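First chain A sits with chain B, and in the next complex the same chain sits with chain C.
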Partner chain A sequence: MSEEMKDIILNYVIEEYLEDEDEEISYDTPLISGGIVDSFSMVSLKRFLENKYNISIPDDRATPEAFDSVTKITVLVDGFLK
Partner chain B sequence: MTNIGSYEERLKNFSWSIAEKELGYSDAKTKNIGWYCSDRICDMGKAEKTALIWEGHDGTEKHYSFNDLRLASNTIGKFLKNLGLKNEDRVCLFMDKIPELYFSFLGVLKIGAIVQPLFSAFGDESLHVRLENAETSVIITQRKHVSKVRRILEKSPYLKHIVIVDYDGKHPLREREIAFNLEETVPVEEFEIFPTKAESPSVLHYTSGTTGQPKGVKHVHYSLISQYLTTQWVLDLCDDDIYWCTADPGWVTGTSYGIIGPWSMGITQCVLDKGFSAENWYQFIEKYNITVWYSAPTAIRSLMKAGEEIVKKSNLSSLRHLASVGEPLNAEAVIWSEKVYGLPFLDTYWQTETGSIMITNFPGMPIRPGSMGKSFPGIVGTVVDTKTYEPIDSPGKIGLIAFKPGWPAMMRSYWNNEETYQSKFKNGWYIPGDRARLDGDGYFWFVGRDDDIINTAGHLVSPFEVESALLEAEQVAESAVVSKPDEINMEVVKAFVTLKPGFEPTPDTELTIMNFIRKKLSPLAMPQEIEFVKTLPKTRSGKIMRRLLHAREWGEDIGDTSTLEGEE
Partner chain C sequence: MSFSDKLRTIYQEQLNAISDAGIFKKERFIHSQQAADIEVEYPEGAGLKKVINMCANNYLGLSSHPEVIQAAHEGLDSRGYGMSSVRFICGTQDIHRELEARMSEFLGTEDTILFPSCMDANAGVFEAILTDQDVMISDRLVHASIVDGIRLCSAMHDTFKHSNMDHLESKLQLHSDKRLKVVITDGVFSMDGDCAKLDEMVALCEKYDAMLFVDDSHSTGFIGKTGRGTHEKYGVLGKIDIITTTFGKALGGASGGCVSGRKEIVEMCRQKARPYLFSNTIAPVVVSGVLKVMEIISENTERRDKLEQNSAYWRKGLTEAGFVLKDGETPIVPVMLFNAKLSQDVSNDLYNEGIYAIGFFFPVVAKGQARIRTQISAGHEIHHLDKALEAFIKVGKKYDILGKSKQEIIEMYGL
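On to the complex of A and B.
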């Protein structure tokens, strides 16, 4: 699993979705269940990943569980790159 | 046996005085909802009964009794009063589903002020227009949302105080900001509740309009009568129930049935401040032995998508009654829930303006899956002709849903917008703006909205508001916004956009515009798809033909295009 990819996704989440400037998140912070990214915003996060990595993530794979942390998202994206 | 018993008998003998008598309304020294939901329950000998079980996203669990509720709302009330707030001032609640949100709701009402709950995911612009319209003087919020308030502060002259309930002292407070930590404040035992009357204003919820800015729907303290009785007869709550309303109090369901209805009955309710996942939700039901569950079709369809296997892993045997609100509940969802949970979700129909449930499938009544059910006793509901506004006699013919005005929870006005308020009444009927048909047995069947408003996951989004915001994106020259079908959310927002010279219709441009709207308005209003076009279809007079784009998305007949100027 690419560390670089994890950092890119983490930085994007911090920049785009984190409202509290003092809140610190890690690769494993719950994003969906933690209320940082809601189900509607998940669409824009999915679009970012598709654009960035030139992949297409089917809707049935873009589940709240699969998007619930940077680590899980990286596993998902990695699967489409192989 | 259900609380409502025989629907037919209730119809024959109905009077709103049933609720007034049970609540001791005419003799009450105060007709204040804040008092009814806390002090009165304590006076009835239930001070130590659990009022709220709250669980946060990190698993933190908190329990509060009705006496805790009374003290917390007193304490917040006193704090606000000391800020100089007086009755009928507007206080905005801009928080996630944290305990302070629920306590503040009652505290604001106790001082006679008007509570303005707003969805905490709203972006800067959505927040600003609602605060300005209401001339809100205080906003109660959390650290994580305060940056949005700071960004609109300069153009919000009415906003005198920004109260932060979880200030941690890491950074200095800025202009107009005040820290208020409930747990570090001495609880106020005795508090003089403002003597609101039945018709005193209570809650101001904002809802989207088709052609203008959002409208502030003004409710009064007398709404309690409808909310109490519908909670009892439709949600069928009893003293030993553990109730879960999944709605956010930023929307009307979260206040009418997530605060007022259950607490005025002295019911224990649970709140989960956590994002959706099927596993989380089932664990929550199992952990707290939830018996009555009030949710929304979008959530139900998401649970259907998660499948039956996950249900089998959980013990959901505590559940005894399920209801749904927000959008039409499709027949498949009713049948599925009966198969999987052993209980059908019963659809309820109402809206921000009605304040309480108007049409529903009652507990114990034969359900027709896909139907909205029948009118609540005391509600005169029908379907009227779209042109004459006369009731339609023939079963099956589509018209507009209509109600005779006068039920207790009905809105009293739109804030500073009397003209739009009056436009909702036709031929002596209140017209909510939805199309339906009635069958021969008096069951309503939903057909669709009668305007361009988009209902996405049970939340109304104005295409006008999104189009206006899109025009502020540096890339966008023109825009048209419509709904498109969605398997889970029923509808989602789709935008058609023409770009200014120098911008390319790339996936990155699409994402930039999506994020712009998400931050400016809200995630709900963010187009889930943007289609770049060279021109938008317009009439010869230059008006964008949104109707045509909508018809295309829904695979409908595009109708008369004789006035069409040109399209791609």
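On to the complex of A and C.
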């Protein structure tokens, strides 16, 4: 699993979703179940990943569970790159 | 299936959980007309208490205006009580169409369609005009009714950070491949009382070929120099593609709402919006009342001017007293307390002082953002505001929050 990819995704999540500058998250912070990303706002993350890595993530794979942490998202994206 | 003990237990456990979380809502019974001075039974069974209402959406003080009541009586006599039909079967009277034309004229739009409520307007409009080839891009603080409308629509949905135009622009770029794009915002945000930057949003929508949707429920009748709404304030009359608004706040406060805007959008709602097609429209008595309201507010700007003066007076008084407020210039003036329990305690103490103002906390507002949301009315006189201010100061002193910063209040009471 690419560390670089994890950092890119982590940075995107921080830029896109965190409102409070003091808030800190890690690779394994629960994003959806932790209330940081609401299921509505997941779409921009999905589109970002698709554009960035030139992949297509079917809706049935873009589940709240699969998007629940930076680590899980990286595993998902890795699966489409192989 | 009977309503078994098992079912009762399931629901009772859920209700207990709401109660344990401290978010169980109890209603207070008002025994008088809606106005600045009201008589309230609270808690249930208690004697009536005269209090000053500081939390109604009765912005123009027209909810119990004698001329509006008289017009409603006349409407009841001439057009009857109910229609017993949806609009497209046999539920459209001349006055329904008259009100639609009146709203188009007032809002500066091409056409208008009435809905039973603005909740219904917001619930129905997106599904009626968008498909899965399209995208909706909404401010993250839009009203719950818009969120429901978005959920009912098959178009893709994305959000932008509250009032962040750079973020909105990045989203318009991200979704540039979509057939139709709709940017969605409240005109005035109901919990914070701030205005959407409609001039900048119009420019972005023109640049990226997107439509702009504005829910102006907390604006219509009083924002802008003749009260037409947020689009008048920002000089973009005629440039908003879809406006939804309510008759349940400034415009008499009874019920009903509308979608107003481009004529093709309105016609699509008339053909396809489910809350319009499958529900009776606004009762004739209410239509008659709203028509009178529109007549009153079109004669002069006296009421919206008084509301503006009252709001400035109230905001200045609270600021000088040392409360932390949300910035703004609308009649929605949130007094920030940050801690949920503190907001409830202050609300209860204010009530004991004869002031009716409700505390809001998560999930209605974000965690750590608990507040008393005060709402000013043209029905308030200076003596109402002075008495309310006196009570706020007394209660503020009790909790030692006057002159304290956000950080100091949080240190004292926690989040």
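As a working rule, the second predicted complex is superposed on the first by the 82 of 82 C-alpha atoms of A that agree within 3 Å, B and C clash if a C-alpha of one lies under 4 Å from a C-alpha of the other, contacts with A are read in each partner's own complex, and residues count from 1 in each chain.
Convention: a residue touches a chain if its C-beta (ideal position, glycine included) is under 8 Å from a C-beta of that chain, and two chains touch if they have at least 3 such contacts.
Being a predicted model, the structure only gives us computed values, none of them experimental.
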{"item": "Which superposed partner A:F40 touches (first chain B, second chain C, both, neither)", "value": "both"}
{"item": "Chain B versus chain C as contact partner of A:E50, first or second or both or neither", "value": "first"}
{"item": "First (chain B), second (chain C), both or neither touched by A:T71", "value": "neither"}
{"item": "Touched partner set for A:E19, first chain B, second chain C, both or neither", "value": "both"}
{"item": "Winner by number of chain A residues touched, once chain B and chain C are compared", "value": "B"}
{"item": "Common interface positions of chain A, toward chain B and toward chain C", "value": "19, 38, 40-41, 43-44, 47-48, 51"}
{"item": "Chain B-facing residues of chain A, complex", "value": "16, 19-23, 30, 32-35, 37-41, 43-44, 47-48, 50-51, 64-65, 68"}
{"item": "Chain A-touching residues of chain B, taken from the complex the two chains share", "value": "57-58, 96, 121, 143-145, 147-148, 168, 170-171, 273-277, 279-280, 302, 456-457, 507-508, 510-511, 514-515, 518, 523-524, 526, 528"}
{"item": "Of all residues in chain A, those that touch chain C in their complex", "value": "19, 38, 40-41, 43-44, 47-48, 51"}
{"item": "Contacting residues of chain C [partner chain A, same complex]", "value": "140, 147, 150, 156-159, 161-162, 171, 174-175"}
